[in-house]
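Single-structure report; data block below.
Going by the order they are written in, the chains are A, B and C; count residues from 1 in each one.
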Amino acid sequence: MRNNHGGHDNIKESSEHMKRTYAMFQDVHVMIFIGFGFLMTFLKKYGLSAVSLNMLCSVLSIQWSILVQGFFHPHCEDPHIPWDDCPSSWGWVDINVMTLLNADFATAAVLISFGVVIGTTTPLQLLIMVFLEIVVFNINEYVGRGEIMTVDAGDTIFVHMFGAYFGLAASRVLYSKKHADSENAGANNISDLFSMIGTIFLWMFWPSFNAGAAAEGDAQARCVINTYLSLCACVMSAFALSSFLAPDRKFVMEHIQNATLAGGVAVGATADMVITPLGAIVIGFAAGLISTWGFHYATPFLSSKWKINDTCGVNNLHGMPSLLGGMLSVLLAGIANRDMLISLNEIFPMHPEKGSGWQAGVQMSGIVVTLLFAIVGGTITGFVMKKVGEVTRNNDTTVHHTHNGSMTTATVVKSKTAIPQELLYDDNAFFLVHQFEV
Amino acid sequence: MRNNHGGHDNIKESSEHMKRTYAMFQDVHVMIFIGFGFLMTFLKKYGLSAVSLNMLCSVLSIQWSILVQGFFHPHCEDPHIPWDDCPSSWGWVDINVMTLLNADFATAAVLISFGVVIGTTTPLQLLIMVFLEIVVFNINEYVGRGEIMTVDAGDTIFVHMFGAYFGLAASRVLYSKKHADSENAGANNISDLFSMIGTIFLWMFWPSFNAGAAAEGDAQARCVINTYLSLCACVMSAFALSSFLAPDRKFVMEHIQNATLAGGVAVGATADMVITPLGAIVIGFAAGLISTWGFHYATPFLSSKWKINDTCGVNNLHGMPSLLGGMLSVLLAGIANRDMLISLNEIFPMHPEKGSGWQAGVQMSGIVVTLLFAIVGGTITGFVMKKVGEVTRNNDTTVHHTHNGSMTTATVVKSKTAIPQELLYDDNAFFLVHQFEV
Amino acid sequence: MRNNHGGHDNIKESSEHMKRTYAMFQDVHVMIFIGFGFLMTFLKKYGLSAVSLNMLCSVLSIQWSILVQGFFHPHCEDPHIPWDDCPSSWGWVDINVMTLLNADFATAAVLISFGVVIGTTTPLQLLIMVFLEIVVFNINEYVGRGEIMTVDAGDTIFVHMFGAYFGLAASRVLYSKKHADSENAGANNISDLFSMIGTIFLWMFWPSFNAGAAAEGDAQARCVINTYLSLCACVMSAFALSSFLAPDRKFVMEHIQNATLAGGVAVGATADMVITPLGAIVIGFAAGLISTWGFHYATPFLSSKWKINDTCGVNNLHGMPSLLGGMLSVLLAGIANRDMLISLNEIFPMHPEKGSGWQAGVQMSGIVVTLLFAIVGGTITGFVMKKVGEVTRNNDTTVHHTHNGSMTTATVVKSKTAIPQELLYDDNAFFLVHQFEV
């Protein structure tokens, strides 16, 4: 729950919410369902699964998230009475447009983790991940934003960092050499073009993601403008480094699809601060470099040395840029002087009297706590997913019918992982598919 | 014309309209042109026709609809004078953003009927259908919403039910066994992915469809939240039943593309009422089950027993869920007590003194009248379309050139239906197409 | 910088901007990145390059444009003091949501020129074009809109006419017979479907493009409604003439993808005037005819007789319709009587006392000046681009590796143009691509 602007309970506020937030909420909604969904269709044989499982996980995440958030932020039956003064101990879940927006933010974290393990996990494993991750996500946000008072306008820390390292930890537990060796894991020029639909919708609407829950007025406008400029600069550095690293100085689609978005991640935690347009451009430029570098060097390294398979390169798009963005929020809180903190008290709402050192420590604590919750939570979730994969294996994988036009081929499969090797990253694993024929 | 909020005529209201309705209007516009257009590209050889003819029919429908709606709702030249007091009998058509939104709603009904007969009808037949359907649509809405006073915030009855049964009635008249037997009628994994673009944009923006013309404030917020929750639940039940019905427990793309949307249809008529979040979820869940069941059982049954060919499964997505939604509006009007009706008088604007039984009867009458208009109107339109198909047949179908890269093949064709069998569901029937080559 | 509504500098206005303009800005943003980007994916082998280079050129254009516009419209450090009274001569660039919107408008001009030369130019040549074109664009707009006071609500003259003739002039300089002869320049049914994503998003959001910077209230509502109606009529005439011109009376996708949009171009300059709904429909209908005719006759003529290669048919979609629209603005300014001009003084802000003949001359001058700047600027830019292509040729084109699945083929190439013939309109020229395999 990003916003702390008090209770919004009566008809006027309901109308005001619709006017002020609904268009931005729909932008974020497009990012969740079209953006994430199509971004992951780059897998040449897994497009239908990517966009459909993205939809399934998201709706479960949204509904479960509304309940869990409601548990952490209960309301009195008469919404004008604050919860602490409520005569009854029976809490109500308040649902308004901000609730839907916050559910979308939580879902973004889930989808980031989904991007790490896509193609190597069963739908049942994914649904279990959603259930557990939403709970840990809400505990972490309650502690980090609510208790520690870490500031994070664009959810760099609480969504991107949390989702990335939760998923990477789970992927470490689920590791199998077969995942990395599969020939299905690549792209082709048609799947790459579908993926660009996702990339561009994410890129365009990212300012709404970072500004959706910001304080109205100047802070919100700063969020939009800083994010927009950071994203522009990030595209330039991603293209430049991509052609520098690739053979023949050609551009690599994987970089363009992903690293162009890292500027939105990195600027999130400081997007509502006075970082100046040049500052936003520098942040975005650096994020594009780090992310592109990551696809070239870090992903193969993680796979071979650390035994972490990262299907979509989530560490490069969400992981490392969120570390950069989180550190920037420590730095900026640390160098802000006291007058600035007080004038920015809509952004740093607590302890302005304690000065900037205190706020820098608060930011650092939020990062450390988030990494802890993500890695421990992700590891435990990974073990549960692995166990579920082993238990359901025998029931699922006896006979597979592959539909190819009018012909149907039956294959008997035995395997130690949840999905047999030849059906990794393949729509035929869980979807009834008719192959394209010329 | 869904809204009854009096005349909006001066500069201030023009500006207010833009602020309040324009973003939602654009969401609905996306549903009409991208949503419906791409949803129907699932046909493996008919994607270009689907999206292009969707565009052509829509623009004719929009323009014709503005005129016909203007005829049913005339304005005085001085817009401040109500029409009944107007000194002149010469009516003016008032055009504002609400007019454009209402034209899009009427177009949705036309496109639903279009989905029944797509691939088996000529562009000329479709344009005739648009012309006739818009007239019947407006008469029905004038009678149902204007005279009978049936309440239907999300157009479950006046758009979805009307469009579905109008199209199904026309399709019964146009039936040919060749339509059902065509091998072109299927999908492949690329056309399925294009279709998901349509599905997801429809799914995301459905809250705007149901809330676009609702009374500002709480009623509009309820429309958004109820529709959103119903759609989420619908996705879950559609996926669950799909994997239960299909061989090998796999998911079927046809279900995911269509049945996931049935929750938006079913909740429409009651979306602005106080159905509670749980109620919305139950409605959506039931709609997803009914719709998925329909694709598995009802469509083959309609085709073989009732001789109704339903290309896109419109009966499953719009027909049966709208019957469910209509009946729910009868039920909810029936159980509402008098105080509730009076407090909800922005929703039930008339006869609160007559009680809930009266309003339940009003809802039921609206449904019966709509079904009558749809089935009679669709049957007559079907006969006109059939006649036109027979008349134009000889002129159109002499020689067909199929372009395949640089090679052109000429085929001489004789046939009894408007389109020769091998060109059913085939872009080559009416579009100059260059086939994909590897 | 389309809007002249004074300085918007304080918190209230920042919040007001967000509410009033942000949703329309995002519509325009979608037009730039999805609309233009996917429209150009019709090229069967060049989809990834089209959408990626569209993104790269746009972000450079946006950032450079904010700087150049800031140079032409400096602000005082205290934004409440007008620039002329500013004690310092050091200007500041004011960035708000309107700035971002105006940067998108300037980028549209660049992308129009990009559409002329796409597939035949290197990324470096394109980036140089962006740099030079943005400077000339801003000088022309400063002279035309700022000094001459030409009225152009939808940027028919300053964006569409300027961008089209700038690009065509550059293309004349860059002409090579190889460009026109390439077999890669065509489409197929999959690339045509991707292209329709671009077409439809451009078509739907064009009302936001024409109304985004209009005066609030009635003028803005007129922009929306006139553009919407013109676009509807344009679709009808484009389809009709397309089937009339093509063999077998079939529809041609190139016409549907492009000519359906000409109504938005043609109505732009007069969209905020009282042209009546019928007037808007007539304008759109005419634009659709001219544009479709252009694809059939003018493009081949330009290529063979005038040696101008126009990859996307920009002359038909933006060039000729903008000439029609510009002339209509001359005509309408000429026939407006004095009272009308004064009542419309939010539209014609200056010289109402000088009468309609004066305003007609002002419109005509704006057109002539724009054509001059476009053609001279485009020609000079073309020579610079040609020189750059010659210089970089030898470094770039020695060995090309074509990746096809796991196989890699190396080709040694020598050529006189910037791109060797077999890599014209081919993703493999600058992108690392894995070809689709069945």
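To be clear about the criterion, a contact is a pair of C-beta atoms (placed from the backbone, for glycine too) under 8 Å apart; a residue touches a chain by one contact, two chains touch by 3 or more.
Source: prediction; values computed, not measured.
Asker: Once you draw an edge for every pair of touching chains, what topology comes out, line, ring, star, complete or other?
Answerer: It is complete, because no pair of chains fails to touch.
Asker: Given a C-alpha superposition of chain A onto chain B, how large is the rotation in degrees, taken in steps of 5?
Answerer: The rotation relating chain A to chain B comes to 120 degrees.
Asker: Shared numbers divided by all numbers used: is that above or below half for chain A and chain C, i.e. same or different?
Answerer: different
Asker: Report, in whole Å, the distance between the mean C-alpha point of chain A and the mean C-alpha point of chain C.
Answerer: Each chain reduced to its C-alpha mean, chain A and chain C end up 34 Å apart.
Asker: Mark out which residues of chain B touch at least two other chains, giving numbers and ranges.
Answerer: 19, 23, 190, 197, 435-438
Asker: Quick one: in the complex, what on chain B touches chain A?
Answerer: Residue positions touching the partner: 19-20, 23-24, 27, 44, 186-190, 192-193, 196-197, 200-201, 203-205, 208, 216-218, 220-221, 224-225, 228-229, 231-233, 235-236, 239, 243, 246-253, 256, 260, 277, 281, 435-438.
Asker: Quick check: in the complex, which residue numbers of chain B touch chain C?
Answerer: Touching chain C: residues 11-12, 14-15, 17-19, 22-23, 26, 29-30, 33-34, 37-38, 41, 47-48, 51-52, 55-56, 59-60, 62-63, 93, 95-97, 100, 190, 194, 197, 396, 399-401, 427, 430-438 of chain B.
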